[in-house]
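Letters A, B, C and D mark the chains as written, and numbering starts fresh at 1 in each.
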Amino acid sequence: MVGIFSRDEINIPEQIFFPLFSLQHRGQESCGLAYRKKGRLVAYKDLGMVSTVLGRYLSESRPSRIGIGHVRYCNQGGNRIENAQPILVNCNKGEIALAHNGSISNTGELKAELFEEGSIFHSTTDAELLLHLLSRSREKDFFSALTATLRRIQGAFSLVMIWNETLIGIRDSLGFRPLNYGTQNGRTVFASETCALDIMQIQDYRAVEPGEMIVAGPEGVRSIRFADAGRKSQCVFELIYFARPDSRVFDESVHLARKRMGAALARMDREAGLEGDLVLPVPDSGNSAALGYAEEAGLPFDLGLTRNHYTGRSFIMPSNNQRELTVRMKIHPVRDSIAGKRVILVDDSLVRGTTSRILVKLVKEAGAREVHLRLSSPEIRWPCFFGIDIPTRQELISNRMDPREIARHIGADSVGFLGMDGLRSCLPRPRDYCYACFDGDYPCPVPFKGESA
Amino acid sequence: MVGIFSRDEINIPEQIFFPLFSLQHRGQESCGLAYRKKGRLVAYKDLGMVSTVLGRYLSESRPSRIGIGHVRYCNQGGNRIENAQPILVNCNKGEIALAHNGSISNTGELKAELFEEGSIFHSTTDAELLLHLLSRSREKDFFSALTATLRRIQGAFSLVMIWNETLIGIRDSLGFRPLNYGTQNGRTVFASETCALDIMQIQDYRAVEPGEMIVAGPEGVRSIRFADAGRKSQCVFELIYFARPDSRVFDESVHLARKRMGAALARMDREAGLEGDLVLPVPDSGNSAALGYAEEAGLPFDLGLTRNHYTGRSFIMPSNNQRELTVRMKIHPVRDSIAGKRVILVDDSLVRGTTSRILVKLVKEAGAREVHLRLSSPEIRWPCFFGIDIPTRQELISNRMDPREIARHIGADSVGFLGMDGLRSCLPRPRDYCYACFDGDYPCPVPFKGESA
Amino acid sequence: MVGIFSRDEINIPEQIFFPLFSLQHRGQESCGLAYRKKGRLVAYKDLGMVSTVLGRYLSESRPSRIGIGHVRYCNQGGNRIENAQPILVNCNKGEIALAHNGSISNTGELKAELFEEGSIFHSTTDAELLLHLLSRSREKDFFSALTATLRRIQGAFSLVMIWNETLIGIRDSLGFRPLNYGTQNGRTVFASETCALDIMQIQDYRAVEPGEMIVAGPEGVRSIRFADAGRKSQCVFELIYFARPDSRVFDESVHLARKRMGAALARMDREAGLEGDLVLPVPDSGNSAALGYAEEAGLPFDLGLTRNHYTGRSFIMPSNNQRELTVRMKIHPVRDSIAGKRVILVDDSLVRGTTSRILVKLVKEAGAREVHLRLSSPEIRWPCFFGIDIPTRQELISNRMDPREIARHIGADSVGFLGMDGLRSCLPRPRDYCYACFDGDYPCPVPFKGESA
Amino acid sequence: MVGIFSRDEINIPEQIFFPLFSLQHRGQESCGLAYRKKGRLVAYKDLGMVSTVLGRYLSESRPSRIGIGHVRYCNQGGNRIENAQPILVNCNKGEIALAHNGSISNTGELKAELFEEGSIFHSTTDAELLLHLLSRSREKDFFSALTATLRRIQGAFSLVMIWNETLIGIRDSLGFRPLNYGTQNGRTVFASETCALDIMQIQDYRAVEPGEMIVAGPEGVRSIRFADAGRKSQCVFELIYFARPDSRVFDESVHLARKRMGAALARMDREAGLEGDLVLPVPDSGNSAALGYAEEAGLPFDLGLTRNHYTGRSFIMPSNNQRELTVRMKIHPVRDSIAGKRVILVDDSLVRGTTSRILVKLVKEAGAREVHLRLSSPEIRWPCFFGIDIPTRQELISNRMDPREIARHIGADSVGFLGMDGLRSCLPRPRDYCYACFDGDYPCPVPFKGESA
């Protein structure tokens, strides 16, 4: 998610393209941009990747001052073009374009109320729901209406919005999802991760605070609190898995946090007396943690699994049932690195165990004497209602097996998870995070517990 | 516009595709279909032609009983994907898909009211506006709500709609746009023109009456009057230009009506003493009228302008300013047919005169001694508010020049239009038509007179 | 097939595109162009249509003086990219690009000889074979080598060729296939049909003579005879079916020749006492002949079968076995024109009878009282070895049934063919044509008689 | 390059696809496959990548026993479809499909002779030249003709060939390019690198020997020596840069060879007294060498430059002059890893220095205190005539500057190359390699020295 307001007129499609491209990992289902073109808001969006969908508008080059972009991650609602964002509407508050990252947890009651009052829904997005509430607000002033709306919704919402000639960035009061705010050369920029600011060469940035709304427009920039600062519930899974290692999220370096998690794993194994010869990361998800593990354990680190850079979306396997072949096309073991070794294989997390089983098989085929899979996160046992796509409880392998059973199931000599205390010890402010996917302790009411939507 | 309800489960995307394809001439901007698939409504739509956009769903083959399809003609609102139809929404009345042909003339006041009440608009279509009104209606019963809604809107609307498991076809009380209703083998079908019924091999059909709503569902078919039968204002331009010659619209044969218009032109010219050697149609718009002219005048008819069937949408001229080359790629004169002749060149109507100028030039280059352009319609002078895209009054050549000036402008030896009386004489029930684009006499209030939207 | 030499530098891809586009009907399998770009010959070719394959090079705009273009008609060798033309080679004679229309009839012995001597074949085209012969010729001078080569090959060959900076147009000594030569504004142009010259607005042209080679280069234009003028064997099927009606081929107007054929059919029927009410052409193949028939017979002519212009190559029927549906998507009867009439349905020729059967069915469904199918050519009974794709003798309906049986087979009330004498009577120089597909009298030796290749 | 012969019928397009895909890094210009389909050889090839060009044939599934595949690397001849391989011809030796990796160095004289004798060239490939020689050979027996042909050509050629029902793999007598031969379950397989055999799960393989020809057909497999075993000149650049790290080429582990090169660099720096804090690889080209460096130097290794996996070929920069932006889209520094450090940045080689300059800038922007660029190969100063694309001597930065000047030019604090002795010390059999790009000492005559083709 990206938003730009510029004092001077710029080529918005191009200026949105590059940072949005660097956020592609946050969603590959659909993408879009909305911007003000000759006095009207327009939106371009489609199923597919940024380079394909938005690449063709790069040279559109209509001078403009304001635009937002979105990549959609499929955590609900299905892969439908109607759900692509930004959502662009015209209403009594003016023309509004909205992009949303996260997941609102009290949609059920809000939607029932809007249905009753005659609202019609084109999509199943939380963004459209929010726009209905905003348009129907009887508050005279736009920002009063917006604040009233934000107070009615619960759960995870980082938002970027265009309202007429104003750009607005918003982060929910618990701060589930990241949102960063930077300025440079008369530009005000919002981005989910700082890697998007890096590509724009913006060095002056900070996290938008939970409960903060930042408004940029022709009259300048101002910060508004729409909710009191209380407890934070930042998504720890952003640090473990979701964000890019070269980003900072929640004002933390993702790469260093992961290295600490790897080091914590190594301490765990040292106490347990595990002896390995070699630390290998699962590329690229285990890279940082494996480095941290090797450093702490004093063991050799090797890039013994290489990754093929030519696998992309352009090729669809003729038969669905070829997951193993798909993995083999992408990940290749280096036999001469692995053969005869007791390998510590490090990844970030374990969900269903399907891919891990294939990877362990590849490493064994390459001649490893032992394979010990280590995950730099605790066991995932609960669904997420705040924007991470986690399978049903039944599908989560840690709800069905203990580590010893998992090891047997995937063919590893052992499987080890970073414990909750270990994870907390890697975070400078451990109380500021949500760990609900590990411990089921949700920081706000959720629709139903025990099963994902 | 097409709608199908089938007693038995059929492959709806395929069954919609063929009749919709045969209506492609009614709109080339975008197209779409909506149907009930596994208990939910889904919609597929995009900018482009039926064969491209919907061809890929032909083999989807989910058994279904109900579906509608739409081709969009750009008469307003711009070429945006958001305006593609059917519009599919979820609201307190259930899931609804709606396709609209025509143009509602009191949108201004209705939209103001909806804005005031907090409705948000994703598109600029009349179809979305109608759905807002329907959803907000406080009538308990769906059909009461629908009837109340239809009574609030004015202007041209032929509609096909899916509501849950029910298919509904509706024609406005003045009957501006055609809509036909046919049945066969347990199927109930709606289509804008009968050519779409022909390709489905449905022989049992009639026009939906102005003010009639036909409802087909699991319980059978019923006809409801939502407005009293009063004066009709059927669009005479459908007969002159818009509909396909092999169709019947308003229960009239389009081909025969056009032949009568051509014959009326010939009588006009005979009285005026015009002498020609040869009647040529502008392909294919002047075909039927030219045949009628030649027959009445006793002059030879020839296909002296041939049409290249390989010109399609796949090729975009590198430079915009090549209209003449585009015409030359498509229309080719047969020199040996034309050389030395006094040619009566027959077309349906004259709007800006740009293409006619090129055609007259081609015919002269092919050696014609004289070229007399004859139009089987009166001079177009007024905008249409009911669904035909007519340029601004300033652009209409007949608001700027009389026939003699037009002839000089386009290089013809003379230009002649069918007069209003002549036109009326070709129609069995001349009072049942709207002639507003010729005489400015609009059958219902229009937003403003003298200029199109 | 098109060739251009220009005194001044022009944008050759664009200048080839438009005339080649107007020859699309001569071949839809593949197409290509070759031209001299920055001192080297380059070729662009692919399976597909001119607008798709060559449209993308329109704006390449490298100044050049010389280029050729080709559309390939699949009469042999299969739909393979390797067979797309022009063929571009480098050899001891220099860089050569060659495009060929027709079919060489003594390929067997020539190919055997070349094999023996070590030539390697990338394609199965006659053009490649000719280039092998040319390169291997021991004649010192290029034109001596070319003449020697042309004398070794038999059958049908119209050729356009680039050799270094020279453009050459060639027509075989019997003149099977058409080739026209025009000049204007310092340009020398070759084209298979004059419609391609028309779109270039070239009025000064003539047929290349059988046995003539025209050479255009920086030193000017010269005509060379490589064979004595003897008997001509021009393909009468070009006039009947293949060429566009707005073209002249063999210095004859195609449209007028077809009208005469239709008139001859009408005289035949008058003598036989056939009574009809209405003449309908099969669009567009029967257009000209039907006009000639109606004029001669004094019967009304109507465009009672309309053609859908949106059918193109973009849509592939999901199932192969849907020929009837494909015809129904393309051809639509006008019920009000046809119902109750005794219809004379005119087409150019009858091959397998498959499409005619469907058309007769459509006309009967539209209410025709009688349908009499008339073909403006004799019965096709023999294969063509000179470039027209005719099915095997067994597939030709006229080898299996007499007209009465055919009528029964296709559901018509009668079927009538133009006789050989009738056909000859329509041609000013009837002895200058090849009628082998009708009478099996081949004007030069053919590989084997009784079956096509 | 891949070749398969199977005792049983298999789906050749699919069986070629996967190993060829794993060799994509060896050539991205064009690709193709040829196989025996229903008794005839067919070829599919196009400009573009394996997944796009060949992915569509995966399900063709015609049972077949024999096929070859090729990816083309643009070292000469230009990016033309005509040069895509395999080359498929028909000649007096039968149907032959040929794929070639390498570069023949005596093409000039051979081509002159073939021109003289009348051969025509469709492409500029060495493969076509070889086929001309083969077809023209007067040797009666095919293998005698093939051997005679191979003895006439000099330079680098690894070949896979289909001749009728026989698969042949060949490696030139100096062994420039790799070629491996494996067998399993009745299949005989050739592949340029062993990573392609890994994905086929073939464990039983060896390098084809220099001067060896292996023939697999219905009668079994046999090895033929067409040249005496003499000096080897294997391309050392395959180990340094070209091959994949998980491959073995020339029976050496690429990954381990590169680690040794990195370690040798570290020893060099230790002797020179360089002090660094952190070793970073340029991803992924410097990965293995950086690991070897860090291990030897006892310095921390970090993945401080991350690589974006979404950059692909689908997006073309609107302006050419955006190399820096392209690098920024692909490579991202991790500020928290780099800031304040003295960075040893390791890459494989330095050609023009353009990308290195941008990378050094990125690392400095991320806060590095010092950046020392280390290359795990000597200075490249000479063109390659055996298949590696190296720019002209003038473009090679090491022909214009010494390391100190280069450091200044690219903004690094120092630049260091692995010396020739250092490189040799990393290879078990250093005499078996060609180092000509470093020292200009070519192992066989080359067309001209001092400038590339």
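Keep this in mind: a residue touches a chain if its C-beta (ideal position, glycine included) is under 8 Å from a C-beta of that chain, and two chains touch if they have at least 3 such contacts.
Every value quoted in this text rests on a predicted model; they were computed, and no experiment measured them.
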So if I look at the partners of subunit A and the partners of subunit B, which chains show up in both lists? none
The A-B interface: which of B-C, C-D or A-D repeats it, judged by over half of the contact pairs being the same residue numbers? C-D
What is the chain whose Cα centre is as far as it gets from that of subunit D? B
Approximately how many whole Å separate the CA-defined centres of subunit B and subunit C? 38
Please tell me the distance, in whole Å, between the geometric centres of subunit A and subunit C computed from their C-alpha atoms. 61
Using the average of all C-alpha atoms in each chain as its centre, how far is it in Å between subunit C and subunit D? 48
Which chains touch which? A-B, A-D, B-C, C-D
Parts of subunit C lying in touch with subunit D, wherever the complex brings them together: 42-43, 82, 87-92, 115-122, 128, 131-132, 135-137
Within their complex, state which residues of subunit D touch subunit A. 14, 18, 21-22, 24-25, 49-52, 55, 58-59, 195, 198-199, 244-246, 248, 253, 255-256, 284, 287-288, 291, 295, 300-303, 306-312, 314-316, 318, 325, 328-329, 332-337
